[in-house]
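Before any comments, here is the structure.
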């Protein structure tokens, strides 16, 4: 018999785990997590032990009644779980290096969740997540799956469409960060602003309204992207990559990943330059991770080190804790997550996953209705959703032609020979993680 | 220059006004109403003076800094208003008596907001509300219109479609009451339950989920309508009018007006019996109102008398205050109101008014997405919405054939000769309030 | 091995069969039917032999090379069929007598395909048709099912939704007859007019355009329903049941069954009067059928007797032959049939059966796009489609509550106690044909 | 008073006119064109006179009773027209040279109807066509507009959305040619195959079914694009540009312009090479046109010379004649044209123009219903339609930001600085034809 809330974290050896532990500790009064199971695979055993030991120290230092379990046996962990979080990385960072290096070496964007790299990350991840869902059906049929493995939108849609599992939430820190940072740019407390996001993971737009019902979106766009005011706060914003006339015309704030679609030439030039000089982003992340794990080894460290925040996933794990808290306590917090569309955005299929602002209730996320986009946003959103559907279908079926359609549809991949060559090279490189594509007789 | 929040209440001589005043008084700290303008027409002057005097006594007794103005000059009042509430009754209760008496005398349901009577209430009210909206465009273009004049759904849709005015909320006390009463039936605090309503005014269904994410809808249906348990709490519920096998199959809780559509034969028999013995409901309401106004005349009465609650509109005006409060303060309260559909219910046109659970923000109601109904609910909802569209169109154009279509479509009106006769008799009876139907040259 | 086109007619003992045989004979050059299998059940054996003998005489007299087979073994007949036509009547006319008598005895419309009677006809028929489809999957997987068993729309939808069989066409003679009769009223050759029908079986509307692109709909409505012109051709039209102001406002021509929905009071009064004086329509049909079979016994009769045309199903079987001909020869004839909606009418679900004007190609019916209805038609159409969905679901599942929803939704059935009583009485009366409702343990 | 059918051809000085005249001559028995008005502008006067003289010779040689009028006064011509055809080219071929040269010089696809060039062709053409529509409203309110000016889809949508004119058909020869050529590849008579096209102008897909109802699409794809059979007929097909695994996966036949989207790298490389060596396609067309006009000057030439067929617009004008014939005679010919979507393709807005297979009736094109696309086709179609909507809006409003969105959305234009530079250069180059962008005060 379970003696309180039981959380299972798959990919528990991740460097993000301390933030998750911190998140549970600080919410302990509302959300008494009595068991936290960190699960990893053989290849991640060493990391699991390092981060697991640190998690135990953190819990002990906090004085909360929570047992931390480390295991390589996923099924043992899943038994009677209340919430399962997934933060795994199939093929580890070495796979990401290939996702970035191979497209870049052909002159294409090479990125973790966008373009050819993002497609392959989905191909590797979807089958593993669907496997976890099958275990959940058997071992913890009432649990919620809180996924923050990227690409979080496609993973969520795969679980909904092919896993036939409704209790899933996809999570990303982009909307959380936007709320904090943009409120500051407007000189407001973020609790005084209503942000409504709509789109799909890593490709959404939002509007901002203040307490007086005044739409502040255009004002923020001006602050972030305006160029006529020399004293503009914009000077301090890195990666101010959009062309003013375009972003002004949106009347919605784009997300950071829009840079890839709205300013493809500049992004590609920068990436290629950076690749030439410094190698891939994944290699840099690998170094940072290595340093983090060195820190984590310190037997006196019993709190989340500040270096973790610099890792790039700030507020990710904390957001995961908050969703769990909101579901568990029916808190009706306003959060932006990936969930079933069901008419929220009328331009996309009802059964798609979308990333929209929701209230998080005891029955999970209930989206705020959005309606239709203007053509400014609509076409790009729709082509990306078709690309996602094809990718997910290819991940499940291992069909080469379907995958080639996804490549062709993706705005960051030049269609034709180059698309096919990059795809073939990635298929070969990730062969061991793509059994659906390489099964006997294919 | 306005010296704080200015509220204008059209139909200010209504017996409901004291609840409204009480609502503003008790929220004064959050919602400092500095001016309350009660507007009425010549025919309502006496009532306006009685209820206005009482409102002034209430404000004084409460010691809040709020000026109460009484006027017959609507345009003077509207100038620079922040919120306009409408609680008017075109033709007063005498018109309602006809709305009830004429259909009943032909053997049809005669009711304030349903059937032939409801259609004619819409015909009389829509033009007046559209007129108010025209004044608002000129005199207070930033104000919100909070309508609780029935039929609230059709009035809201008329404002959206024909008034081209987006800042409108339609309000009804049915959902508010359901939340309180049904939580009690389930033995829960209503704040611990998530009620999600969807449909149109006076024809909606809802589900209930508790803090644990458990759907409690079927349990409540059993409590309210189950007949196999002699000790069931149901024994205490009046108007338990639905057939068990039907209501069980809905898996959503119907609203009280569903009785007219789900149990037409019994409702009609009861109404006809009541009509024979006691006359119309409107006549009874007229008596109650008379008594209320007698009470209100008491120069010592400076609080809302308990008799008002028995009037039938309990929690109506309080809900109106709460919406105003939520918009003014961006409170994000969860309330169920009539607002633009915009895809919330995918079975109805995007531009329709629907009554759905929303979060009330500084930019007005943002609906929780609902999606599609099962055929159990869908067909009835759709035929009623078409009936509403036809009624609103007839109200605006004065077209006889369009109105006859609305009559034919309405499930409570037998189509054919009887429909036409009742319609003709009502047109004649309400001639003075229906200039669109009787204009020169028609 | 099949030696040409093989047709299987289930319910081959029907009095309509001679028209079907005549239809094949006159199309023999284009559509060489070499085998016609007339299938019936034990209870229909005598009729099968009478009509079968006559069919053989007709074929012989025509001198065409076609073998007529009579059998009670459906599976033997279905083997390698090219087209299967269904014209069966579960429970024979005695069941129809009950479908009419029981509702009428409770003061409700009692009719073969509308109201409570139509619902029960569907309940009896759907399981039998789905059984035939299962046999077809095994024995003639490339065959087309041409259904003209009523209610043809619900049967078609059941085959599409629950039979998972796409090669089905539902057929009704109402549109065929309208084309002939209304062209005559307009003084035109029907080939010079473009009729576009949209709706569902027995509840559709249509527009008429002439060769000059002129819309002639309103003109026809005036001819058929106008009352101001004493010399109007309308005087000659029987059953001119609609109220002028209503029908004028439609701007589409309603079908004859609209009388039940647009003029319910008059239709009901007439039916009840007729029932009191003459019994049910089914009893009259039984007499007519008896007389027809007496005629068919004449060993010298080798052509379709003119009395058959008076039977009420004129042009039915001929239309079936024409559809078969059009599919077989990819003739692209314009015909109005029941087929999958798939967006043709945007107001109804994509997977519904609709009755719309199509071109009949080698791949079956391809509907002419229709779009959206005005609210005048939309609401009634939608409530009827929900009623159909519930009826079909009840036919398949045997669920009592679902059936009660269908009864409640049906505009011709007063909801409440009377609905339940009529339903209970019909269930009991048709018990032997409704195994899903009376299976062990229910 | 008109003495028969009156046709007005705007851009009458086009080299295509002889095919149009030939088309009318050969249909004269069914479609007695008594007046053909060829209209052009001052800059096209010389061509008009050459081609007009030839048209008169053709009519005379054919011995048909048809007056050919040449005029620069459009309004005089439009008076009481029955059909208006538009085949104009704003800015003549010199503008097209710029549409091709400017993008190519920045390394982008430079093409008449696709990419940046196609967008600018729309910007120049839409205002002129809307102007013509305004004249038609006044001078020939019952006439049909048959547009074959490119980009035909956007022009049609502009007329529907902004011109508020329903009697418009957009025409392209791609579907006509596909029917002829692909039937030949399948060894069939095209009249024995049912081609169903769906999409938008220059971006559609189709399926092919034969008389036996057999889908022949995959077979044709194999014939056209299959590479495993050395003796495949494919060897003879020019521009076999698609990757087999992709096209096989479509299960629909793409149109020739898909090469730009499915094989962007190869198409771009070929175009750039061709541009370097031979200049633009427009310059070649200009030479061909020059030669054609030299031919046309021959006072003995009174028939369409075979060289015209090589010009690239084969079957264009003939298709226009056939549409006119079909509308005039309610012929119900099956043709693929641009018309209002209205639900035909459920993935696109109802009010959009789509290019779909229709039956051409007296009331114009009635589309065969299509339904939804698979994601393979859907995303690309949707992003292109948004791009079109933005382009049309920009053409009407002259809004710079909206145009930049169209550029960004277009898959053939690299977004970012290069998009903006190409756009700015094209705006400057076509300044005189874009008054909306350069009006006073902008």
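A, B, C and D are the chain letters, set down in written order, and residue numbers restart from 1 in every chain.
Basically, contacts are C-beta pairs under 8 Å (C-beta built on N, C-alpha and C of every residue); 3 or more make two chains touch, one makes a residue touch a chain.
Predicted model, so just to flag it, every value in this text is computed and none were measured.
Here the chain-to-chain distance from chain A to chain C, counted in touching steps, is 2. Ranking every chain by how far its Cα centroid lies from the centroid of chain C, the top place goes to A.
Chain centres here are Cα averages; for chain C and chain D they lie 44 Å apart. Mean C-alpha positions place chain B and chain D at a centre distance of 55 Å. Across the assembly, chain C contributes no residue in contact with two or more other chains.
Taken as a graph of touching chains, this assembly is arranged as a ring, one closed cycle with exactly two partners per chain. Interface note: chains touch in the pairs A-B, A-D, B-C, C-D. Across the complex, chain B is touched by residues 243, 245-246, 248-250, 261-267, 375-376, 378-380, 382-387, 389-390, 393, 399-402, 404-405, 408-409, 411, 414-420 of chain C. Contact residues of chain B toward chain A in the complex are 192, 194, 196, 209-215, 327, 329-330, 332, 334, 342-346, 350, 359, 361-364, 366-372.
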